[in-house]
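The data blocks that follow each hold one structure.
Same chain, two partners: subunit A is paired with subunit B first, then with subunit C.
Then we have the complex of A and B:
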């Protein structure tokens, strides 16, 4: 539309501020990346090292997986940035609907 | 592109509607086809009532009764109520948020044509060896054993129109999130827009389970799979769950827009701000949310066990809370207002007690132990007709009366409208109130006849008389529409005189670009805000400039037509006929060919230039 004015993508505005922001972003991404690799190693270790029971390994791996998904969404797919509220709302309500369905199917359909 | 004012011939008008991507014209298409299917579904209802007027009637055979009953439910829900809801949404929502069109005009048109061809496909079953006959819920244990192609028509037809509905839902979500005019915050959106928003989210989450269910059903019936076949290790209950995970949100998909329409009407004709706006928004969202956690209350007698039944019973009863909030807010809106009883307002006032009765029987049905008594009796039939006819249909009739001037620029006759209202309302209560008692006395639903001397005779006769009154009311409405269209007396912006929201600030019907300049919204009920400050029109939010518009396209029709053709091939493929495979291939070639053209051909739309817009006397000062 002819009347819309958009300058948010202009790279010359607030160059210094953007640099600082990007550096910070990069730091976050590196930290989460390292953590994710670490979690993956932990999961492999939990299965590889003998002596842990299934009742310990399964929840721990699932927990680590959930954390990794959150890292992925919020740090690598930028959901922590502003303006993602609606996306988050729909993502989580879709997740809720799906999980309730799975829960019901596993509890009362296939007894 | 300045030829839009020219008079057109009949053929050109047809072509214009086939290729249109304008939300206002698509609204009219939805209205016409929805109205047509409403009449078809209504005729089926009349046949049901004629058959049940007297005991041991032989007006129709048992098998044919099953088909009529199935098609009545399926047609009314998927092919009448849904498109009529979409008609009002398309006509009103972009105007209410101050947008020039929906976010994806092409997709909007495609959604309509998919729905239309799906509906036609489903109804062609009447002429091609019999309609579906397993009820609109089409429970797998019954439908897998249905002879003939009826159920296949159901599966493929609903799949097609379901695609269309899903597209329309996504389209409205994007439109409402992204295309609100400056100043139109979420908490300033009119309630009809809010309900459209919530409903679109429900469509987004509810239709995929139906799609999955239909795909599994298709595999079972057409390719010999065994998802639902217990004898072969399947589980027939899965269909019931999938269907109701879709089916329960579906009834909220229908009722919430009606709530939205009534909210607009109450505020307009009480000439007062809607009471408790934010609680209304909250209640709408909460109903949408809870709508996904209650589906198993349709299956209390399936044997889910007491714990599951209890959970779903409590969740169901919880829905009465937000609904109650709404009922009280509507009453408080009228309280102290300067109420004007126009036809839409009559519908709105009548809706409150009618819908409340449907809600109360809903709570009765929600208590699982009692449901074992009501289950599969006419009590259930009475309940859901009270909420669907007393809620959705009254809402749609009110909405059509209310928005008719905005869609067509003419006012429907108040006098004929009142005749329709009274005959329809009295006929409705006559038809369905007595059915509560027929149900409690033990009359089972979905049975094509009943015996004499069981005490059912008088009740059924009263019910049939009421049905004829309703049909008479609808007939008067059709006459009303014809007379109004022939007279063609044009009205101005705000024919009701008390319009509150943005749609009443522009001409009726609006120009094809809607707003010359996007309006600036300065509060809830923006047009009312301006009026109260003595202004005649909205303040523009932007200088007058070129307007970018999408081009018309025939491709949505061909994409939908291709799937329609392929569906016939798929339907008869299991009969081992040699011609089915070529038909499938031709159909899919049409569809994918059209999609390829759409992808490869650049279509940047066109601009209406500033100079053309300045031709008017008002020099572009009008929003």
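Then we have the complex of A and C:
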């Protein structure tokens, strides 16, 4: 993990190691980004190319969006790092309330 | 550690955003706020889904008449890329490279303005070409509230970045401002998370019908 300090007495040794770790993590971030762009292209292609039924398109693009958001949260927003338990509790509580709201509004609310 | 202490590359902490108690608290508090934001946006999404295409007469524009693939695509690319550029900025922050961090934030801000410009053009287009306004239908109200709220977040994020950049332009990096830059970039990623659902649920699913 990049954000842990080593106990080396010589800070310059530590620095080299940390730089390497940071560069490695940045590489993972770029790979994440490429995948996100790829998923976005797939979503737009599914809608742009004629011939797919909407029963196919809707679940697929929703799934692609969910995967993309997981990448964003766990890589770009660092939730994959240790010590994010409380943060995950905050986010998933919000998500639970939010999803129930969406469910209710799209099923049993009369308009 | 003194927050205004001057650091060298070797003494700069590996996780400067969480090196002070204030930084740690900010980090936790900000995620609590993001949990609340999730509920806020989910309610707006729910409202939009319930009111989609609820228009008073046959002449009013529906989702499939309004949205266009190319514009949404360009806006999405701008915002996704700005998310990566802010990751680069935080990468340089962790390496104690102040100048590079500033440069990447400037690129992020520029991309953000590009996105905002497209959104303004889009809304203007809907209002004048389709008479699709905030008050024209329940669909219009729900659409502008959801997408407009997101646009408002983008505008606020840009103001936040700009204030931080100006305020700390000549201060250099220290443990006082590192958490501030970090939290602002978290907020920017969250805006991107919301946009992923907007382009999927509102635009792409709207075009499908």
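Here is the rule we use: the second predicted complex is superposed on the first by the 97 of 111 C-alpha atoms of A that agree within 3 Å, B and C clash if a C-alpha of one lies under 4 Å from a C-alpha of the other, contacts with A are read in each partner's own complex, and residues count from 1 in each chain.
Everything below uses one rule, namely that a contact is a pair of C-beta atoms (placed from the backbone, for glycine too) under 8 Å apart; a residue touches a chain by one contact, two chains touch by 3 or more.
The shown structure was predicted, so the numbers you read here are calculated from the model rather than taken from an experiment.
Student: Could you look at A:108 and tell me whether it touches subunit B, subunit C, both or neither (first, second, both, neither)?
Tutor: It touches subunit B, and subunit C stays clear.
Student: Check whether A:64 is in contact with subunit B, with subunit C, with both or with neither, and answer first, second, both or neither.
Tutor: second
Student: For A:15, decide between first (touching subunit B), second (touching subunit C), both and neither.
Tutor: After superposing on A, A:15 lies in contact with subunit C but is clear of subunit B.
Student: Applying the touch criterion given at the start, work out whether A:93 contacts subunit B, subunit C, both or neither, answering first, second, both or neither.
Tutor: In the superposition, A:93 touches subunit B and subunit C alike.
Student: Please tell me which partner, subunit B or subunit C, touches more residues of subunit A.
Tutor: With both complexes superposed on chain A, more residues of subunit A are touched by C.
Student: Which subunit A residues contact subunit B in one complex and subunit C in the other?
Tutor: Residues common to the subunit A contacts of subunit C and of subunit B are 2-3, 86, 90, 93-94, 97, 101, 104-105, 109, listed in rising order.
Student: State the interface residues of subunit A toward subunit C in the complex, per the touch definition above.
Tutor: Subunit A reaches subunit C through residues 2-5, 11-12, 14-15, 18-19, 22, 25-26, 29-30, 33, 36-37, 40, 43-44, 46-48, 54, 57-58, 61-62, 64-65, 68-69, 72-73, 76-77, 86-87, 90-91, 93-95, 97-99, 101-102, 104-106, 109, 111.
Student: Applying the document's contact rule, which stretches of subunit B touch subunit A when the two form their complex?
Tutor: Residues 177, 201, 204-205, 209, 235, 237-238, 241, 245, 289, 292-293, 296, 304-305, 308, 518, 542-543, 545-548, 607.
Student: Provide the residue numbers of subunit C that touch subunit A in the complex, in ascending order.
Tutor: Contact set of subunit C toward subunit A: 9-11, 13-15, 18, 28, 31-32, 34-39, 41-43, 45-47, 49-51, 54, 69, 72-73, 76-77, 80, 83-84, 87-88, 91, 94-95, 138, 186, 189-190, 192-193, 196-197, 199-201, 204-205, 207-209.
Student: So in the complex, the part of subunit A that touches subunit B is made up of which residues?
Tutor: These residues of subunit A touch subunit B: 1-3, 86, 90, 93-94, 96-97, 100-101, 104-105, 107-110.
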